[in-house]
Structures are given as structure tokens and as C-alpha cells.
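One chain, chain A, links the two complexes that follow: it is found with chain B in the first and with chain C in the second.
For the complex of A and B:
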């Protein structure tokens, strides 16, 4: 690679960094003040781009060149206003909710916004106009470099400077910094927190909107931008350090430049081995994040933080199932066992049930580390995917017999969990969540790019069970394996290891002081969860016959989170109920409407606002209230004769 | 015989010397009080002995074995038990399960995957709870208890590894005078019955003077006095640290009694 090519790539990286920084800066500001990790921040970026497209189309007709720049500004402001509305209508109600619920709520927002955009702008990609006056290119050492990129390169530092001034020179900025550093002090100052939070959220949203708007001439507006952007913004914020603006800029720069270098290097030969650096771009940022998190868990320029403030309410001790409960489970099992016999009347039921069972196992494995383990994983789909792809590769590429491939595939996932888990248990809270996300993204990228083995984006097809395990038999295999796995997980939770796991979550300090190796407990839990998720993936692939990288993308991990939270994280039945409701809901909504994401997001929002304990948790509370009421009634009934005696 | 030997122990946080070169010995079967005003470095000392903090320098020897540099769980295995200034228990386990957990871990069963833990070490756990007077609450969730009771559960957990040395950081904080005396009487009894040594901190001077065999006084990270109740009571430096000049412990205690 010659020098001019390198220079042009580096400049490209700088241009890239600006937009990333704008999004990350907004995310970071919002997190600093409200302590909410806003999943919908990528959606604000996407909205910025779409709105800019429409306004610019409209204004350039009547105003010409000025319309373009005015359009960008108006788009950013509109997104800011949307942010303000979101904060007032939704977030204000959940500031005190557990961290995970906040994430869930903002994720629901992602779904709603995505479908709103689909409804208004349609599914086609939209490429905006060139910037008037900057549509040409400039010659740099014989290479053409788009002149608009210079505008982009400038806008990052300019905005950084402006926000900095705002933070340092105004009373508002003093308050924001106070809130970021010490929330109690802010309360003591008697500040109207509500409006401070709204304004910060609006500003953060506006920055993201601006980040999207300025990409108008470079990047077509598309519906996949939201998740892609939020992934990158998370990485930048985590690498730079939560709540640090200069950190966000440095991280954006670092990552954009490393990516640019990878593209620039292209394919070369290192020590006689061909290495394709350009293919690394999909994982490189996650690799950087993983390295940073392990070496400097609080980011390059962040400060070590106390553990998160939103610790969930204390969980009730685990009680073994009552007789009623056991009968209920027995009846349910029986119903599931006779289901295939009813295929004449319910042809679709056993197919759906098969899917539900696999999903339940996936959710239960995630719940195992999230609930009793207290480790919030945002990348659990990786282990599902490793199980599925493991099976596919063992079966198709290594041509193992199906039963053997089936048996070994979950171990592949377990092995992945063994390696990644070792790093993950060294972190906690949001940072742990981000590292799990990073690892899952790495696995996804490897699968996506290793075409010779994984089939790339097409995936692998033709993976069916042996003839003697086909059809109904496979349904029963699934039923038996899933039910025994659930039984096993429950057993583990009531065993000493389950106690250790919950103990480590409740108080690592105490656990350590009574001789428990906390990290090892968590590591083993991580591996167990990986194994079961892998089994779910294995069951999945042999029932579907094929797999593509989508089945293990971020969305799948988030689905798992939604299921666990939907059912109630503090309840062992939670993931079972949550996964069942989720699968059935998704299945029926998806078939009923194209806008299933919005409906689904709406349902989640409703649930978060109405049932903060999840569905199973809600019914548990109801049952307790009922028991309480009956006990009181019984006491009263017993007391009644005595009162009558006294009166007599 | 000397159980614990602390030499030149110090700890700095950034520029702050929280503990500044202290020396003391603790004998077997002794109830030793570590006293001093807030911020004197008492908790920091406890945390260095327990392994929660790594000493910046100096040595802590338990029966000739160095503790500095060991992890809390290894120190636990050397039969050192402890309670924390702010009680640390497992909120989502019942009282009984909390103590069972401590016993399970002590017996190396913490990683056992399939056997139900419900019955394991149940009787031993109940016996420990009986010792601290909490057996009636065995089935209650730890999160529901009054704070004084949580401290008792913590004490029972601290006893699970049959400690030679028990560290108690403000065991009676948040308790009323009567509960305070009960707990210290209990501690004294345990010291005698189990022949263990106890290092504890306590703000109420009447409790300290009534129960401690010996006391050491810390101020701003330095050890300023060491001796029995009589000696400490009349030590001018100690009085100065506690009340400025002019007051005495007797004076202060008289006032406390008026308030109670």
C-alpha cells in the first residue's frame, strides 16, 4: 500500500469518526445524567437520516443550496424534539426501575421507531442529495478525496468543542456535570431534575440526529441502521469510558482509524499466510473493546464506577415446588406428550410447540446466569449459534453421523462459553453486558465471513436428523431433552452450587469471606448456561434443517432478554412463561401484520409499565396476596366466635 | 500464646495514610478491642487482616503464617471468621440457608452440582443459629430481619469455619443498649467456650470497658495507646483524642446514662 492510499484511508477514517462520535457523545451524556443506557440511540441516528432526506428533498426544491444545510439542522432539531417527547412520556416513568427494565423499554422503542419509519418511508433504501458546493472532490497526492468529507472531519471536533463550552460555561452545564458525578448532591441543590433530564435527553437525541443527518450524501437511509449504529456507539462509549465526552471522541477516532487501516491493508501475506484485513472490519471494533475492557474495565478515559445503583429489589428465597405445582407440571407434560396424537385437529400445534420448547430452553439458560447469577448477558445468542453451527459443521463439513454431531455440538458452545466466560466474569454490570455483546458479535462475524465452512450469509442447509429420529420422534426427543434440561437446571439451583451462585450475586464480599471462589462459581455458571444454550441451538438446527447468521445475531440475544424479563427475572418459572408467551405472541403477531415489531414493542412497553415484576412475578404476587387474604380471613373467622362470646 | 502478630502495618489510599505503621499482638482466647474515632483506620485494619484490602506494607502473621498477600477466601480457610461494619449476608437466602452456605463452603461442597442442599449441614447450621439466638428465625428470608438480627446471622456465618480468630467490625452498631450488652455477653461466652480470639471495634465505651480484656487505641492511623480499661480510661492522649481536653470517660458515660 502506498502512502497516498494510506493517507486517503486515514482521512476517510476521520470522516467516519465524526458521525460515530456524535452518536456516542449523545449516548454518553444521557448515560452520565440519567444512568439510562439508551438502546434507541441508534434509532435516533436513523431518524435523523430519514428526516434529513425528506426535509432536504422538500427544501432544496424551493430554496436551493441553503435548503440542504437548513434541512440538516432542522432534522437534528426534530430528532431532539422527538427525544424530549420520549423522555417525558416514557423514561420519566422508569428512572427508578431496575436497569434491565430500562434497557428493555428503550429496546421496545427501537422496534416501534423502526416500524414507524417503515410505515412512513417504506422499505426501500433512500439515497440523499449531494451537498451543494461540496459535491466534488479534492486531489490529494493524486487521489480523489470527496470534499464533503472535510466538512465531516471538521464537524466532530467542532461539536465536541461546543458541547464542552456548554458544559463548562453555563449553569446548565454545571448541573449536568454535578448530576454525572454525584446525584445526591444534585437533589440537595434543589434543582428541577425533571427538566434537566429532559433537556439532556433532548440534546443527546439531537446529537444522534445530527450524526445521522450529516451522513445524508454518503450513506443511504435504511432500516438496518438503528441496530448497527447502536452497536458501534456502545463500543465507542465503553472503550472511551462511560460518561466521558473526550473519551468518546478518542475512541471514535481510534476505532475508525483502525478500521480504515484494515481496509487500506486489504489482503496481504503475513509470514507466508494470507490474511484478509478488510474482512476484519466487522469484528475489529469488538476486538478493540474486548481488549480494552479486560485491561481497563472502565474505558480509556472513564473513571472506575461503583456498582450500578439500580439493584433490583431483593429476591424471595427459593422454595421447592408445592404439590399443586408438581401436579400442574405433570398435567402440562402429559398434554405436551399427547399433542402429536392430535395432529388431525391441530396440525400446526406440535410444530409450534417444538419451536416453543427450544426457545424455552434458550431462555432458561440465559435466565440461569442473569437471574440467580446476576450476570446480564447481551450476547447469549452466541452460544445458541455455536451449538447450531457446531452441529451443522460437524454434520456437513466433518460428515459426522447425526447422533454424534448432535451430542458434540452443545460441547462446542460450552467450549465457547469456557473461553469467553473467563473474561466476562472479570467484569460486572453494564460493562459485563457489553463484553458479552462484543463476544457474540465476534462469533457472528466469524460465521458471517468464514464462507468456506459456514456458507457466509447463505448459511448451511440440509441438516436433518437421521431417519429413525424424524418427524414425531424428533418432537419427542426435543420434549425429553428440554424437560430434562429444565429439571437439571432446577436441580442445580437447589444444589450447593445454586446456593453459591445466588450467594455470589447477593454479596460477593461475604461469599469471598466464607471461602467461596466467586469468579470460579460465575465462570462455571457461564459454562453451564452456554452448554444448555448450545443444546437449544442444536435442537433448533435439526428441526429446521438449515441455519443462517441471522439466527444468532444481536436481535436473538435481545429476544432472550425480553423473554426473561417478560416472565420475571426473579422467578424460576419466569423464563418458561416468558419464552412461551414471547414465541406465541411473535408467531401470531408476525402472521397478522407487517408491523409486528411495533405491536411487539408496544406490548413490551405496556408490560414494563404495568408489570414491572414480569408476568410470572405478577402472578406470584397475586397468589401471595390471595394467600395473605385467606390467612387473614381465617384469623378473623377464628376470632369471630370469641368476640361473640365476649359480647354475650 | 500469640495468635496474631501485626507489625509495621500500613495502608495508603492515594496520599491518605489510613493506617500508619501499627504494631500489636493478639493472644489466644483474648477479647481485644480496637477503638478510635471515626476515620481512625479501624475498618481498614480489619480489611487488611481479613484480606479484603492489601496492605501497603508491613506484616500480619497468624500463628507464624503471613496473611498479607493472601485472598479473603484463603484466609477464611486458615480459620479466620469475620463480620463487616455494614452487615453482609445473602439477602435472597433464608437465615438457615445463609449459615448452611457458610458451612457448605467450609466443607468444600460449594461446587456440588446435583445433590439437594436443603438437608446438608442443616443440624450444624441450626446449632450455630441457636448459639446466636436466631433459631426461631431460621426459615425467614434474611432480607426481612431487623438489622440487629442480621448482625447475629452474620456472626453465625462467621463462626461456621470454626474460627481461631474472629474479626468483628462494629458488631453492635444500630443496636439498642440492651441488645448491645446481650451480643457482647454472647461474644464473651463464645470466646471462653471455643477458646477463640476476637478482635472487635465498638463505639460505646461502657461496652468496651465492660467486656474487652485489653484495648488498643487508634487515631489517624496511628496506635496511640494499649492497655487495660483502667489504663486507657486515664490515658491523657486518649482522652484528648476522644473529647478534646477537659472531659473524661466517666463524664461522658454519666451523660450517656442521663440520655438513656
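For the complex of A and C:
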């Protein structure tokens, strides 16, 4: 690559960085103030692009060139308004839920918005107009460079400056900064938080919408933009440091430039080995994120996260199950055990239950580190995938007998967790979560591209259980293994190790003071969770016969998160209930309607509003209220005779 | 053997008998076809696909059905992942009691379904998934495939590539099996016909995430004489716009591009079509064979005068194939009979006759190869030729090497 080629690629990177920065800036602002991990931020970006398309098509007919620029602005404002409505109607109602719960609501929004866009704009990609006056290109050192890119290069820093002014020079900005540091104190001082949150959310959404709108002349509006964008935006926010706008800009620039250079280098030979830098772009942002987080735990320009004074009630200590609970579980187990015998009448029940059981185990393993462990993982699918791929490779490539491959496969996942966990437990909060995501994406991309061993994007097929384990027998194997795992996980949580783990979560400092090696306990928990996720992956692959990289992609990790949150993160039954409800709902809604995403999202939104503690959490509260009431009644009843005695 | 086990066995047996009896009752008047596809994830293709299938079912039933029975279609969304696809397959078999399984858009789902078919000894017709593995390295007795494979798509353009006499070629393709397989087939085939060819650069951006500006720049810098492209969808739109702005495309750069001419991918480009692109595709608007005209008329009569998709003709031909297979097996829809019936089965599609090859179970689906042009503000294929599928496949000896013997 000569100098002018390098310069040209750097300019490309600059142009790419702007749009990314706009989205990331909004996400960062929203997180800083409201502590919401806004999963729907990519959807706002997508909406921005779609709305801009429609408005510009409409206005350019009547107004010409001015219509284009007005259209971009109007699109951003519309998305801002949509953001405000979302905040007022939905999020405002669940600020008091446990941490991360709002993620569930925004996940449901992603589904609803995606289907709404499909319904309104249709499935086909929509390529917008070129920018009037900036449709051509300019000659730079003999290379053609699109003139619109100069507009993009400028808009990033301009918006950065404007938002910075807003934050530093206005009263609103002071309040926002105060809320970022301590929102409870701000409330105590008499500031109306509700409107502050609404305005921040709307501004964040507007920036995302603008980020989408300015892409109009460069890329078609399509339905896959939401998930693509949210991934990139998260990475940038975290690399830059949560809550830091200049950090977000630097990170966007860094990642866009590295990508541009990788593309510019293309395929070359390093030390005699052919290396395709072009293919490296699949994972480069996650590599950058992993390196940054390992070296700088709070991102490039971030500060240690202020301990969030979570407005949710503190989690109650765990109590062993009551006799009723044990009977209930016994009955449930019995029902699951007889299910295959009923296949004449319920032919599908055991097929679905097989999948639900595996999903339950996956969710439980995730809950183990998220709930009692207090370490949020956004990349848990990696261990599920390592288990599945471990089994596939041991069985197919190393031609191990099936039972042996089955037994060793979870250990592969455990090994992965051992390595990645060592790095992850050194971080906390969202940074830890994002590092797990980075590792999971790195593993995913290796699996995706290592065609000779993992079969690349198509995966590995022909992984079926031995004949003596086929069909119903495999169902029973799954049932026995999943139930014993659940029992074991529960046992671990009530063992001294479980108490240390929860102590470390509730107060790392005090746990340390009484002699608990916090990092080691957390590391061990990470490995245990990895092992069980690996077992789930192993069970999965032998029931499906094949595995492909999407079984360990981000979507799978997010599904796991959603299940845990849906069930209730503060309840040991939560993941079991959440995973079952999620799988069965999705399966039945998918069959019932074409617009299943919207219906599914709508149902989750309803559940979110009705059960802000999760489904299992809600019933636990009910049960406690009932016990409380009965206890009071009993005291009254006991007191009554005594009063009578006195009177007599 | 204790009482409980015996009870279990006898109840299972009773259940099995009931199932057989009821199954027989169902199959008396209808034949159920279960289709598993990525309806939600690939709405543009599958919308036309479903319409094509429904049209064929309607026509066949109106003509009295197949072997005296009516066809019935059941569709399931696979949620774009193989695990769910397998579950839907089990649902279709166990609960819906379908007679014939079909479907799969994505290659990894097609691969998984075909492996499921092998394991469970169930006939399956993979309708769209393009991976060569489905009929070659992972091919098996129970799997047949309708659409032209990645190899066929690529090989349909090699004649054009040789005719260009260009020395320096660049390649751009999405970074997953479809793209890498197409690129490697293209390089092998062209090198064999034109030994002095030089591949100056390869760009493999992640699918759906192309940084078009940088990719075009890198391609420009490698100074190619010609370009082979396998990008499609949103990636392609982005790539073309950026390439046009940067004056990369033009008469000076001939481009060979697979599947770009399919309406699914061509329509969104509107009038952005660059000059000198030769593509494979589906010019439904101007194919003037009587069979195809009749198909388009029937389609428009049923759905109104909307544009056809490539999915439309694939869905339509899939049902035609299944009907032909059932007819050839004498109305028997069990898997072994279907597998035998499909071996060497000849089917008349709107594109003309095709054959499900005995040697690798691939249908000889033909391809239209032509130039892109803009007409009335939208992209069309012009001066195209139809290349029958049997001319696009390697020799039998090579196929035997690629496909494991059974």
C-alpha cells in the first residue's frame, strides 16, 4: 500500500467513523444517565434510515435539494419523538426493576419495531437518493473520493461539539452530568428525574436516528440493520468508556481506521503464511475491544463505574425449598418422565420438551453467574457452542466413541471458561459483560472461518447418538442429566462455596475482609457455569445431529439473557421458568402468525410490565405475601384465647 | 421383564397401531407436503416462493391431484437456525404426519436437514440452499436438491470470463461458505481454461457488513482488468453505489456476478445498474417460451400483476417435482419409494425439462446468463441465454470423487 492509498483508506475510515459515533454517542448518553442497556438503539438507527427514505422521497419531489437535507433532520427528530414515547409509555414503569431488566423491555422493542418496519415498508431493501450537490466524487491524489464523505467526516465532530456544549454550558447539561454521577441525590434535591430521563432518552434516540438518516445515500434501508448496528455501537461505547462522548468518538475512529487498513491490506503473506486481512474484518472490532478491556478495564477514556445505587429492592437471602415446593418439583419431574409414553396423543410434546430441557440448562448455567455470581455475561453462548463443537470435533475428527465424546465435550467448554474467565473476573459491571461478548465473538469467528476443522459457516453434520441411545432413550438421558445438573447447581449454591459467591457479589470488600478470595471464587463460578453450558451444548448437538456457528452467535447469548431476566434474576427458579416460557411461547407464536416477532415482542412487553421482578420473582413475592398474611393470622389466632382468658 | 416395562411396550405398540391406522386414514385422500423455510428471515424470497408453491398445489388439485389424491401444503418457519429447523421437521413428521419434506433457504439449514434425512431415512427435497456439499461431500441417499448449486452458478459464467481475455482478475464475495466456494470454483475453472490468468486481490467482507468505500478503494488499488462478484442484497447495493461514485465501474471494467439478476436482488438497485455487468438471474419479464408464459399468466391471474421473484419459480417447480415424483412412484409416498422415484426423475418446469441426476441427486436446473441494463428506471437482464443445468456440472468421474459412495 503506497502513501496515497493509505491516505485514501484513512479518509474512508473517518467517514465510516462518523455514523458509528452518532449511534454510540446516543447509547452512551442513555446508559450514563438512566443505566439502561438500550438494546433497541440499533432499531432507532434503522428507523432513522427508513423514515429518512420516505420523507426524502416525498419532499424531494416538491422541494428539490432542500427537501433532502430537511428530510434527514426531520427523520432524526421523528426518531427522537419515538424515543420519548418509548420512555414515557414503557421504560418509566420499570426503573425500579432489578438491574438489566430494562434490557428485556428493549429487546422486546427490537422485535416489535422490526416487524412494524416490515409491515409498513415491506421486505425489500430501499436504496435512497444521492445527496444533491454531493453526489459525485473529488479527485484526491489521483483517487476518486465521494464528496458526500466529507459531509460525513464533518458531522461527527460537529455533533460531538454540540452535545459537549449542551452538557457543559446549559443547566440541562449540568443536571444530566449530575444524574450520571448520582441520580438519587439529584432526585433528593428536587429535580424532576422523570422528564430528565425522557429528554436524555429522546436525545439519544435522535442521535441514533440521525446516524441512520445520514447513511441514506450510502446504504439501503434493510431489516437486518438493527442487530448489526447495536453490536457495533456497544463495542464502540465500551472501547471508548461508558459515558464518555470523546471516548466514543476516539473508539469509533480507531475501529473504523483499523477496519479500513485491514481491507486496504487485503490478502498478503506474512512470514511465508498467507494471511487474509480482509477476512479479519469479521471480528476485528471484538479483537480490539478484548485488547482494550484487558489493558484498560474501563475503556480508553472511561472512569471506574460509580456503584449504581440500584433502585430495586436488595435481593433476599436464598432459602431452601419448602416441602410444598419439593412436592411440586417431584410432580413436575414425574409429568416429564411420562411424556414420551403419551406420544400417541401428544406427538410433539416430547420433541419440544427435549429442546426446552436443553435451553433450561443453558439458562440455569447463565443465571448461576449472573444471579448469585453477580457477573453479567453477554457471551454465554460461547460455552454452549464450545460444548457442542467440542463434541462434534471429538466425535467426528478424532473419531472418539460417542459416549466418550459426550463425556469430554463439556470439559472443552470448561477449559474455555477457565481461560476467558481469568480475564473477565478482573473486570466488573458492563465492562465484564462486554469482555465476555468479545471472547464469545472471537470464538465464534474462529469457528466460522476454520473450515477444515469446524466446517465453517455450514458447520459439522452427522453427530448422532449411538443406536442404543436413540429416540426416547435420548430424551430420558437429557431429562436425567438436566435434572441432576439443576439439583447440583442448587446444591452448590447452598454449599459454603455458594455463600462465598453471594457474599462476593453483595460486597466484594467485606467478603475479602473475612478471608474470601473473591477473584478465585468468581473464577471458579465462571468455570462451573461454562461446564454446565457446555453440557447443554453437548446435549443439544446429539439431539439435532449437526451444529453450525449460529448456535454460538450473539443472538443465542441474548436469548439466554432474556430468559434469565424474564424468569426473574433474583430467583433460583427464574431461569427454569424463563427458559420454558420463552421457548414454548416462541414455538407456539411462530406457528400461529406470520408477524410472530411483533406478537412475541408484545407478549414479552406485557410480561415485563406485569412482572417487573420476573415471572418466578413475582410468584415468589406472592408466596411471601401469603406466608406473611398466614403468619399474622396465626399470631392473631394464638393471641385471641389469651385475651379471652384475661377477660374471664 | 417386569410388569411396568411390559405395560409400556404394549401401550407403545397400541399407540403405534393407532398411528398407522389413523395415518392410513389421512393418506386416503390427501398427500401432505411439509415445507420448512426461513420465511421470517428471508421475506423477499420466501414470499414469492410460497406463492409459487400454492399456485402449483392449486393447479395440480384442480387437475385432479396426483395418483388420485389431493396435495396439501404445510409450511413452517425455521427461525433461521438449524436446531429449530430439525424440531420443525420432527413436528411435521410426528404431529402433522406429512408425507414429503421439503425446504431450506440457508446453506447451513439445508446441510442440517439433509443430514437429518440421512439419519432418519426420510426423503427430503432441498429446494433452494445452494451449498455444493448438500449433494457432494455431504450427499446422501435421501436428499435431492432443486436449485442450481454454487458450482453451477459459477461455472455458468466461466465461458464469458474466458471470452473476455482479461489477465488481471479481482474477486469480491461475502465471507461465508457461499462466497468462498464460489470464489474457489471460479479460480479453479478459469485457471484451467486460461492458464495465464492472475488473481490480483480477494476481498471477503463479512456478510451484511461490507465497508463498501474501503473495499472499492482496495479493489481500485489492485488495478484489475475484470472483477468476479458474489455479493448480493444490501451488501451489493452499497458496493455498487460506492463503486459508481468512485468511478470504479464502467465499460473499462467487465464484471461477472452470480445471482445479481434475480429480481430479489436486482429490484432494489433500481436505475443504479453499472455498465458492463454479466450476471446470472431470472428475467421472468421477457422469457417467451410458451411454458413460462403460461406460468406467468397463471401467477398474475392468482396474485394480480405483481412482479415475480426467483422464489416464485423455485416454489412452483418444487411442488411440480414432488408431484412428478409421487406420480413416478405410483402414488407411494414412503421415503424409499420417493428416493427411488426421484433418481433420474424428469420434470417439466416453466423453464423447460430438468432431471434429478442419479449420480448426485442434483437437479439440472438451468440458468439465464445475460447483461444488465436499465429500462424504464429499473434493472433488467438483456441478451441472455439459457444454459441448461447438465452443461454446468463437472464430469461424472469428478462427481464420483466429490461424493462419497454409499
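Convention: the second predicted complex is superposed on the first by the 617 of 648 C-alpha atoms of A that agree within 3 Å, B and C clash if a C-alpha of one lies under 4 Å from a C-alpha of the other, contacts with A are read in each partner's own complex, and residues count from 1 in each chain.
Here is the rule we use: a residue touches a chain if its C-beta (ideal position, glycine included) is under 8 Å from a C-beta of that chain, and two chains touch if they have at least 3 such contacts.
What you see is a predicted model; the values in this text were computed from it and never measured.
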- Query: Of the partners chain B and chain C, which touch A:54 in the superposed model: first, second, both, neither?
  - Reply: neither
- Query: Regarding the shared-chain residue A:315, is it in contact with chain B (first), chain C (second), both, or neither?
  - Reply: first
- Item | Which of chain B and chain C A:497 touches, first, second, both or neither | first
- Residues of chain A touched: more by chain B or chain C? C
- Message: Which partner chains sit in contact with A:144 here, chain B, chain C, both or neither? Use first/second/both/neither.
- Response: second
- Query: After lining up the shared chain so the two structures overlap, which partner does A:193 touch, if you call chain B first and chain C second: first, second, both or neither?
  - Reply: neither
- Query: Thinking of the overlay built on chain A, is A:510 touched by chain B (first), by chain C (second), by both, or by neither?
  - Reply: first
- Note on the structure: chain C residues touching chain A in their complex are 8, 11-12, 14-15, 18-19, 39-40, 43-44, 47, 76-77, 79-83, 86-87, 90-91, 94-95, 107-108, 111-112, 114-116, 118-119, 131, 133, 138, 175-177, 180, 201-206, 208-209, 211-215, 217-218, 220-222, 233-234, 237-238, 241-242, 245-248, 267-270, 272
- In the complex, the residues of chain A that touch chain C are 1, 5, 8-9, 12-13, 15-16, 118, 123-127, 130, 135-137, 143-146, 148-149, 217-220, 222-224, 228, 259-260, 263-264, 266-267, 276, 278-279, 281-282, 341, 343-344, 347-348, 351-352, 355, 448-449, 451, 456-459, 461-462, 464, 540, 544-551, 586-587, 590-591, 594, 596-597
- Query: Inside the complex, what are the residues of chain B that reach chain A?
  - Reply: 50, 52, 71-73, 76-77, 82, 84, 88-94, 97, 100-102, 104-106, 109-118, 120, 141, 143, 154, 157, 160-161
- Task: Note which residues of chain A are touching chain B in the complex, please.
- Result: 314-317, 320, 491-492, 494-500, 502-503, 505-507, 509-517, 520-521, 524
